[in-house]
């Protein structure tokens, strides 16, 4: 009987050890899914990802949330965690640079391609969705870019704030907001294919440096490091690029030309 | 510390509980006194918001209020703009969310009125409306107050629904629960704590009032 | 005093099946007439007395039958006539009295007189309260007065509307003999001036 119990439990225990639990910022939804798929195909480790706002994860990790890896949309959070002793030393890594774009669904009658920033002020637009600038890096970048473009003072009365960048995207995608400034990674996803993208020049906002750490309290440090290494590899970087992220030690992309696969 | 979000939450809770009382009374009356065998179906639907996650409710409310949803289309046709991200949109979503909290205490109260009192009223010539006004309602006052107070308190503490349909606009949809959440996200723990404590104290006061009434610490007439 | 012509004022013919506890069924099957004056319906508990009164009042519908008061039809299963209790002009004092606990004695008694203007209402109410010797209790609440006084007020409330018949379900239970006789005497006096059938239902002597 005990032997049967061992046989039954053993694979489960082993499986738990081989599972890698990842906390990932909302804008990584589509990129991370593909990264996890590829990784699982190559190794036999299982990656389970929880998406949410980086600020939330920051609080939860300090209170014992059981993750192995944390991919934040804002490198400040992992830096703070490292300073407070929650990170495995030496694992802090800037894995991507986020980009923001203006996105409008086809239903919104603005000529985004030619209008650019002016589309935000069009009569057809009652609501502009962005992430909350108080705590979301994509929101801060959106506000900075709007200010640089000189449209912020007029546009601010139409703004609605998503709790995270994914909710901001959802507000526009559902039609409740007519236009939005969202992460390029989300704009390139299949769910957002029925709309136009206008890429915002990178010099209009501070780079959205996205950082990751392996957690000190991780149950599966080995697996976490393996996955992080995968992201640093050629194939990992290709996936990130595909989903609209810039990579830190690559030459800066030409910001004048909007690109779309 | 800005009191805007707290005042907004109170405004929302007041509007919602007042409107809810008006909507809930006829339904509660029907559920208490009808002998239709399909009553249990309606009772289950009314109780749904108790078990549905608020974010689910909020999500579908967002869809319904959007330009492709039934409510949204109607609103745009009438007023030229959408319902999401407005105070009115919050009120409507909150009414759905707090619905059972108004209906159920009313039903319990109505059902507890001695049936012979209703008979006496009828035999003395009073129609249904008069019986309701002069006998059922005065004797159900504890239930009415409970319904009011519970919907008020429940709306005060609402988060998931507001998160989904609010858009976090200061003074319009940024309720105190969202504000507290924002502060935590921005690591402003001091401000978050202060707001949370005020909310806690007020909610406790409201609940204490409800239970005092229910324990007959106060009644409007001498008990028999 | 002239000899009264005893015309039947209440004619009732009722069949009603009721489900009892434990799945048993019980069928009430009665046919009777009642003239002005007190008619006593006597039977053990469970013999259907309350069911009969509820049918007469309109709170229960007989499966089959006919109820007429002074020739006016209140219920007729054959012709599908079914008057609601509000329109039957019947008085009914329940065993529990069912006085409205949140209203004063005066308001209780005036409850059935809404169609009258206020001065007339108050006058009639005062008169009947005097007739039953409880005039001074007008502003009290039912919870503040004795059992005997409550009974008188219950009678006053139901009779002030000048009903065509009065139904009494186990009245005056729990009162001592002297009090009982006193109340019954006042009722008789009232009945002498207002000749209606009074159905007095009881299981005790």
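By letter and in written order, the chains are A, B and C; residue numbering begins at 1 in each of them.
Please note the rule applied: contacts are C-beta pairs under 8 Å (C-beta built on N, C-alpha and C of every residue); 3 or more make two chains touch, one makes a residue touch a chain.
Keep in mind it's a predicted model, so treat the numbers as computed, not measured.
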(message) Farthest chain from subunit B, going by mean C-alpha coordinates, please.
(response) C
(request) Please list the single chain whose C-alpha centre lies closest to the global protein C-alpha centre. (result) B
(request) Just give me the whole-number Å value for how far the CA centre of subunit B lies from that of subunit C. (result) 43
(message) Measuring centre to centre with CA averages, how many angstrom lie between subunit A and subunit B?
(response) 37
(request) Averaged over CA atoms, how far is the centre of subunit A from the centre of subunit C? Could you give it in whole Å? (result) 79
(message) Quick check on the complex: what are the subunit A residues that touch subunit B?
(response) 53, 55-56, 58-59, 107, 126-127, 129, 132, 134-135, 159-163, 171, 174-177
(message) Looking at the complex, which residues from subunit B come into contact with subunit A?
(response) 62-63, 65-68, 72, 81-82, 84-85, 163, 167-169, 181-182, 184-187
(message) Considering only the defined contacts, which subunit B positions touch subunit C in the complex?
(response) 114, 116-117, 119-127, 130, 134-135, 138-139, 220-224
(request) Quick one: which bits of subunit C touch subunit B in the complex? Just the residue numbers, please. (result) 57-59, 84-86, 88, 90-92, 94, 96, 98-103, 111-112, 114-115, 141-144, 157-158, 161
